[in-house]
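For reference, the structures are reproduced in the following blocks.
Two complexes follow with chain A in common, the first pairing it with chain B and the second with chain C.
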Partner chain A sequence: MTVTEPPGVAPGNRGNADFVRSAMAPAAKPPSSEVGAIAWLRHNLFTGPLNTLLTIGLVLLGYWTIPPLVDYLFIDAVWTGSDREACIYTAERTKVGACWAFVVDRAAFFTYGFYPLAERWRIDVFFVLLVIGIVWLLHLRAPRKDLAAIYGFVFLPVASFLLLSGTPSLGLPTVPTNLWGGMMVSVVVSAVGIVVSLPLGILLALGRRSNMPAAKLFCVIFIEFVRGVPLITVLFMASVMLPLFVPDYMQPDKLLRALVGIALFASAYMAEVVRAGLQALPKGQYEGAMSLGLGWGQMMRLIILPQALKITIPNIVNTYIGLFKDTTLVVIVGIFDFLKAIEASRIDPTWAAPTVSTTGYIYASIFYFFCCYAMSAYARSVERRLAVADKR
Partner chain B sequence: MTNTAPAGLKPAKLTHETAIEMIGVNKWYGEFHVLRDIDLTIARGERVVVCGPSGSGKSTLIRCVNRLEEHQKGRIIVDGVELTNDLKRIDEIRREVGMVFQHFNLFPHLTILENCTLAPIWVKKMPKKDAEEVAMHYLTRVKIPEQALKYPGQLSGGQQQRVAIARSLCMSPKIMLFDEPTSALDPEMVKEVLDTMVALAEEGMTMICVTHEMGFARQVADRVIFMDQGQIVEANTPDEFFRDPRHERTRLFLSQILH
Partner chain C sequence: MSPWNDPRVRSFVFQGFLILVIGFLIYEAVDNASDNLRRQRIATGLGFWDSPAGFPISQSMIFYSETSSSYGDAFLVGLLNTLLVAAIGIVLATVLGFTVGIARLSKNILVAGIARWYIEIIRNLPLLLQLLFWYNAVLKALPGVRESAALPFSSFLNNRGLFMPKPLPGAGFDYVLIAFFVAVAAAIGFRIWARRRQERTGLQAPVGSVTLALLILPASLVYVALGGPLTFDVPTAGRFNITGGMVLQPEFLALLFGLVIYTAAFIAEVVRAGILAVSRGQTEAAFALGLRPNLTTKLVIVPQAMRVIIPPLTSQYLNLTKNSSLAVFVGYPDLANVFTGTVLNQTGQAIEVVGITMLVYLTISLGTSALMNWYNSRKALVER
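Now for the complex of A and B:
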């Protein structure tokens, strides 16, 4: 076939074949221009003129913004003080950065709202219980996930309710919800939304895919109705319309109404996320389970949902992040959440100083960013693990 | 009805115990008439190979046997139980009928062993220890006991299909259905799966097998059924079927697949 003898071909040993390899080519190292720091820079930062320009532009942007930001947040910042005097301009203090003294001074209010001082330890216990539940449920290698689920979905809600709302029989005086406020309310509202929306969303998703026309119709109407209405509307309906329909003596609590509204709203979104997961599973998984004689419930519980939920974890967390930030909307029905606590302190004359508002908002954004970034980092780590598992 | 059926639609074996009886079965997908007047009786211990062009309804036929597909007219009686909308009966039949799919349909989130013990534990309420013993027995029979703790994705196609066979056998079914079990396999893997099926056939399992492996049909089938356009066109012993196909359509089909 070829005129010149290719390397690796033993002459005179060819038989009828045109080409017979006598030695396998060994794997070789890539050339040095393809590895190391210089190659990385060339491949990632200076690929072409446009990329080089963008790299330079971004470096300049960082140069212009980062030093002033550091100045404002740390170097010129005021760390101690008990009122506005600490953060106002004076003859000797012509530059004032972030007024952290304000945040430090009002930190307890931001966290606990108007919750009575003597009872605030209950909120701390609640936070600890919550963190235990989150770590136990989400840490992939944690032991006894079944117990964790019972802890997270049964024990924690009940214990939290008894703790926060109070149980006089256990020596915990009742604290009415109009005294609740701050970070604690934001966390409670988000936690309830998160804990309720997943099971309810799963039920709605299963209902929507069910063969029973009545159940299916109900789920479709519920999901589409809730998704078609803004959260603010749902909250208004829950807090303004609902009281019109029930007699005075059974008026549900204001916070409870908002909680129900948020939980139902989140469930509708969760249902669509779970449905996407159910639909992503190949039909063969259903058929394999059915052919073995598994009933519908067993099939869903043992085969379909474990797989469907696993592939939807990133989307579930995404919904949770949205829900977490949406909880700031409860302020419009008069609930005193974290952002509202900052807002109220910011306009308090005790702390009337030029940088107080900005500092308060920076604190809020740090809190929200920390929580949301933690959620999204977790989702990404799960995704990475799933990618590894898929390659198995 | 079975009394008047032609010889080919009756069991080739002389045992008179009936495993599956289909009488005047019809099925439509919307407007499409996918199964037309299927009359078929299969005896206990009989091995039937179903072949035919794609879209001829052969997969649908065997999927009707364990109600993965619903037939709209006619009767299907499996192991003395008639398939109706009664969910209890359907589950009862599915426990007795094992099925092996083209794409294995193993559960990727469970280990091989868990794949095999799942149904015995949850459907038959077998203690976990016993179920694992049974599973290891069948995994040994399909020659992959050493893979028990791996996940399906770590196995080759041929190994996965053998696990799927073992998984079905763990329910000790009376009837096994095979829906093109080797069609999705790399050529090098086909033999190991066919060998497993031959061994199963030699033990007297009642089998219906949709396949284009004509060598397998020759070797183990008691009857070969050829389907086209939702109908049984020809049914005969493999010797006769391959040596002397009677119907024009059968001859054309065989000339296409036996080069």
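Now for the complex of A and C:
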């Protein structure tokens, strides 16, 4: 590469600037310690004495823990069997790893609970409808989002209710909720919490920011009260106090009580998330909408909420993750959820073997981790997309 | 123009309607409740508070006896147990959380990777699942008393808990404690004096070494001078049981492990976000002023990061306290377990019992947030 001459100076005639080179000196190679694998190791693993020590320690730790873990999960694991005999110590089997046979044997119970065998296809249909709704609503390039919202927030709840609890007029026998159990109950409780908490949370957030003192006071008291107490006490309230507050002839179903508790709890947290989004919008958006002559409803629906909800999507999803994890607590009011199904099977004498408990918990962990990680990965991808949009 | 277009009229009508609806709901609830209570013959009021409780509690920091203590005593035992696990949990979760949060930002990819996966896995699993795992799969699966694992400092670990030496303060140990607290007060005073002098004259005092000396020396001098007035009751393993010492029950340990490990993952994310929130320009400006890296961290990065860290950190502390109510599932006798569990079952007075429990948690939460708002208004950046 040659140096371009300054304008007006003929090549070879540099006046008294002869010390300026006319050609670039060849670039020296970087020192061998700064390129390739060695440099990578030096920069990432052995930066200083402390880091070197940490690296060696962690490699040793991995060496001591990973092979036994692999042995436990796969090599020594028991994959087939129909009762505890498969997973107990015997003379020829002195090492027993994870008892996957237990999970395989009880998988249907973990998924459907006590739901009658002949009716379990209804739960499968419900899962399929749910997956369609989730993909349609969340996939950013899916068509007809307006229809998706109607599907997700109107059709799906009604259809699920008719399907799961049964409609004799459609030829679906009634299944009382005390037979519901397992993963299906966890999914139903989370789904109801998710569907109810967003609109209720938006209403509460708008109420808290409104100019009407009565509405504002009510919303503030509700939000602060619910956020200040543990979910367990809210569930207790829904399960033992709610029946006292309604007349004798309309005693709510046990599952319904838990659903009310979860939905109210999640709404209060959602309200604060939405309020943060509303506060983050510049005041000019409100003023601009008002100067266009929009009414309060139009302003919220067309200008404020679309923007506020867009920037809160990651936090909304994080609230949903918390809600999903919190649904495990419904067992305290006697709901037979996924974790309870595992607990009940774990102590069942048919499968009394030393590694059954741990295997059950590992299975539960995989289920919850998969669901929560998928949600948080979605939240992060939305966050990245929004960051791109804001970069302009 | 119809009056309906007047915002004041509309707001008035809407609020009147809202008050009517809420008032009607409250009236209905109270009416139904008194009806239902009368029919089910459930007593009302706090009359049960002084009646004998008659049930045992497995861990108590104050005197509690199954035969002579009242429901009020049981309430106090539960409350103290909640505060105990919350206080220890907060300290340990802060230490672990800050360590993991800083490790997450390490240049060493192994350290950062392990910290990252710790956070990812722990945050994405329900706390209840983790508690059950610690309790049922780890602590309850430990060997029995005869095969206790011996730990350093003559401690033992088995499926009945962690047995540790119990400190027995002898005569004069109070003076050691007094010496320590006086030294702490002196250290705080010295720090304030040193800061004022530095602001006035620019002279720095060796605050760190003086504080360290004050924390260690006076108490140990008094301790030695009095001839070591502290003995330990060491647990000894017998054939069927371990006698002496003190024991941390598996219920307590499981709850503590679960809460600490779970909350630390959230604190780690808070710490990471706080450190990343201090812009790179701050570090560069500090270097340009000639500050050394450790002084830059201490005087420039940490104070600014703490402003971002502390509000969410407090809300994590509150979460830990509220989550300690999951003690119900492992049988640790905290407030929720003792009160909304046993007391509610025995008295049947759902409204009073659940109401009191909620009030306690509410007081803790609202008190802390009031403190937080005060702190924020003091520390907030003063902007135009």
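What to note about this one:
Operating definition for what follows: the second predicted complex is superposed on the first by the 330 of 392 C-alpha atoms of A that agree within 3 Å, B and C clash if a C-alpha of one lies under 4 Å from a C-alpha of the other, contacts with A are read in each partner's own complex, and residues count from 1 in each chain.
As a working rule, contacts are C-beta pairs under 8 Å (C-beta built on N, C-alpha and C of every residue); 3 or more make two chains touch, one makes a residue touch a chain.
What you see is a predicted model, and the numbers here were worked out from it, not measured in a lab.
Legend: residue contacts after superposition of the two complexes on their common chain; A:165 is shown touching neither chain B nor chain C.
Considering which of chain B and chain C touches more of chain A, the answer is C.
When the two complexes are overlaid on their common chain A, residue A:315 makes contact with neither chain B nor chain C. Of the two partner chains placed around the shared chain by superposition, chain B is the only one that A:306 touches, whereas chain C remains out of contact.
Shared-chain residue A:365: touches chain C; no touch with chain B. Of the two partner chains placed by the overlay, only chain C lies in contact with A:227; chain B stays clear of it.
In the superposed pair of complexes, A:290 makes contact with chain B only, with no contact to chain C.
By the touch criterion stated above, chain B contacts chain A in their complex at residues 66, 68, 91, 94-95, 97-99, 101, 103-109, 118-119, 122-123, 151, 153-154, 167-168, 171. Residues of chain A touching chain B in their complex: 282, 284-285, 287-295, 298, 302-303, 306-307, 310, 389-392.
By the touch criterion stated above, chain A contacts chain C in their complex at residues 43-45, 47, 51, 54-55, 58-59, 211-215, 218, 224-225, 227-233, 236-237, 240-241, 243-248, 321, 325-326, 328-329, 331-332, 339, 343, 346, 354, 357-358, 361, 364-365, 368-369, 372-373, 376.
Residues 11, 14-15, 18-19, 22, 28-29, 32-33, 35-37, 39, 106-111, 114, 120-121, 123-129, 132-133, 136-137, 141, 322-323, 325-326, 328-329, 336, 340, 344, 350-351, 354, 357-358, 361-362, 365-366 of chain C touch chain A in their complex.
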